[in-house]
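In what comes next, chain A is part of two complexes: it sits with chain B in the first one and with chain C in the second one.
This part shows the complex of A and B:
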């Protein structure tokens, strides 16, 4: 009798394989539900801009970066990242505001992370990164550059002031 | 038919060739590791960079050297050398075309030297990910390309040797350690296509002024095509050792030969199409593709979880054979006095935490919390800098005595070294993880950042303390190896070290589909095309040009 080549799996190992697969499936479902049902979404704007003219072209919102009120409590803010600052450096909104951020860079890559929120975006010249956040609590929220962008990188930050 | 011998020995020439790899690897580590502790000290408020000014201009120049020499050169040089040994020992056959492999190695050496010139001149302080539009001196890109091409050539040398063995041994199954070596190389060769295309079609023409602007997201996408599987290139040689060598060193067996093979094939299949999990927070990559790569990333976690089982089972078998009793008694019975074993066990424990963190990182939107924070270096110092690096250190604790015929210099000190790495890394990486959760950015000299709240200070201090312990550990390691290689006591005939290769516990025949590269390679390439083509086509057809900058 010849032995037929099969993968021999120890019974304990089989159990472990089932547990592993089960765990991974549970994880996938959890992030899927969080993303698509609860709305914890990622920045995925498809908009492209010309990094060489984005700061100067009068038709570009980043030629005049800053806060725009769309309706009471509803804002959008255009932020231009450049070496080594954010323009604007400071934004003030009332508590409860819904703010949509549109951030791009006119030179190298930067990062844009607002502390104590889920806003965290890679800023890439030629592309616009977008996320929305509701500021429920008054206070100061620093936004800092989280990607190496040259010698002044460590000092690149700004802040959002949420007024009561 | 040739008779396989348990103590197959490499020729003196082959030993020398492997040894050269170690010299290159450890030289890189000895320079690259200087900056790790300096970065950690800077975080703690002990800024030593002003004293380095005449030679090293900035934190970022140091960080670039740290990343390139440690994560790229130390690993690649060690791995190509180690896999040369496991290929020869596995097949019990010399390399088919040794000159081809020699060529590969020397191309790699030239590549390292060429990379070093702009690095040391502060003309390439772009970090080891060299994201455009920061533009490095073109020599930097050429040097890195040569390192990769050198590793490819060595890989071709392995494949020719495997093919020759197959011809000489019809109907036999590839020995596991040789197979695992070539699978690792094959995965690496698919993976590095991304960075090769990035450098050759975007960065070099741009650095030479042939094109005015390149698309930055396209470059990032090519980079991360390589960037994630790179971590499996670091890990798989450690897995090889954990599966097939460590159990032997501990007095046991490879628990499941077929599982080990399956795991390596699964890595070949699924390592590459996962790069978007480094780009979750990027614009220009659609959400749906990010989610697909998230799922694929979880699939690569599966073979790692199988590895955990098989490796621990192999060790348990060893522990019980040594007289360990009860649920955990076998752990105590392992040879905790053997520095090579202990390094690898501790590496495995650190990897357990690294793996959990990795699953967190892979989790699509959870990644928002930690992306580009100190959490990330905290994580990969558990993986590449521990699971891989500490295992490689442990391997050299038998490998260097094997290659040189000398006894390991003061094994007690080697034991202390391994424990210091373990403890230093626990402190360092825990502090980094916590800082990341608090919002501290990575790649940032936090000692000088104006926005650092007082709340971070205690953790920054722990980064410094962990870094100090690691500093001692890494140079103690280099000292022990140098002492062994160049001043060690000659081992007598009976004290000669042999290459540890574990026998399989269950030696069942392997089905044909698990002993051939073709279906797996086709599957891997297909998966890559499916996972990348749509996004790449979109990026290429909508490319936006960015000019280069020198901002350091």
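This part shows the complex of A and C:
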């Protein structure tokens, strides 16, 4: 006959396990609230492009990168990343604008991060990274390459000017 | 036969304080990052 081993858990350990589990549940709920209730999105790669022709194909929006106004206060920006610059390097929009970024690379992997926003994307050749942000405070928002891409990496930056 | 010693009460006060500091630090750090995320605005 075998007897089950009795596992005695100290009350302090039980309390600690309850606190740990409780924190985990609260954190998961908060992430869920951000994702589903507030609507935070992760960078999406919706479209694939040919990195060898993306900058030269006349049908490609990245052959003429820049800002397009879709409606008052609503914009989209096509940004081409290449060693070692972003094209365009400067974008100007009025305050309150909703701007959708379509960023791709024609050579190596880059990063695209806009300071003081939650826009932070990997830019992979052949893929288009997309995110939308509402610029509701005037000022300058620098964007930088966050992926080391060679000797000129540190010079790879630009800025968004949000006019009042 | 040796006389049995009375059991010492198990009250790990120092450990409780250390764990409490750990929990508070975890909540503050996590909460501050969450606050920064929310305050920077929604990515759509």
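Assume the second predicted complex is superposed on the first by the 157 of 164 C-alpha atoms of A that agree within 3 Å, B and C clash if a C-alpha of one lies under 4 Å from a C-alpha of the other, contacts with A are read in each partner's own complex, and residues count from 1 in each chain.
Just so it is clear, a residue touches a chain if its C-beta (ideal position, glycine included) is under 8 Å from a C-beta of that chain, and two chains touch if they have at least 3 such contacts.
Being a predicted model, the structure only gives us computed values, none of them experimental.
K.L.:
Is chain A touched at more residues by chain B or by chain C?
P.N.:
B
K.L.:
Let me test your reading of the model: by the given contact rule, A:132 touches which partner, first (chain B), second (chain C), both or neither?
P.N.:
second
K.L.:
Touching A:34, do we find chain B (first), chain C (second), both, or neither?
P.N.:
After superposition on chain A, A:34 lies in contact with both partners, chain B and chain C.
K.L.:
Check whether A:16 is in contact with chain B, with chain C, with both or with neither, and answer first, second, both or neither.
P.N.:
A:16: touches chain B and chain C.
K.L.:
Output check: A:116 vs chain B and chain C. Expected answer is one of first, second, both, neither. What do you get?
P.N.:
Both chain B and chain C are touched by A:116.
K.L.:
Identify the residues of chain A that lie in both the chain B contact region and the chain C contact region.
P.N.:
Shared contact residues on chain A (touching chain B in one complex, chain C in the other): 10, 12, 16, 27, 30, 34, 40-42, 116, 118-119.
K.L.:
Taking the touch rule as given, give the residues of chain A at its contact with chain B in the complex, in rising order.
P.N.:
That would be residues 3-10, 12-13, 16-17, 20-21, 24, 27-28, 30-32, 34-35, 40-52, 83, 107-109, 111, 113, 115-116, 118-122, 124-130, 142, 144-151, 153-155, 157 of chain A.
K.L.:
Okay, in this complex, where on chain C does chain A touch?
P.N.:
Residues 10, 12, 15-16, 19, 23, 26-27, 30, 34, 37-38, 40-44.
K.L.:
List the residues on chain A that touch chain C in their complex, please.
P.N.:
10, 12, 16, 19, 23, 27, 30, 34, 38-42, 98, 100, 116-119, 131-134, 136
K.L.:
For the complex, which residues does chain B have touching chain A?
P.N.:
Contact set of chain B toward chain A: 58, 60, 63, 127, 131, 133-134, 213, 215-217, 220, 255-256, 258-259, 262, 279-287, 290-291, 294-295, 298-299, 301-302, 305-306, 309-310, 313, 359, 363-366, 368-369, 371-373, 439, 441-446, 448-451, 506, 508-512, 514, 542, 544-547, 549, 551-552.
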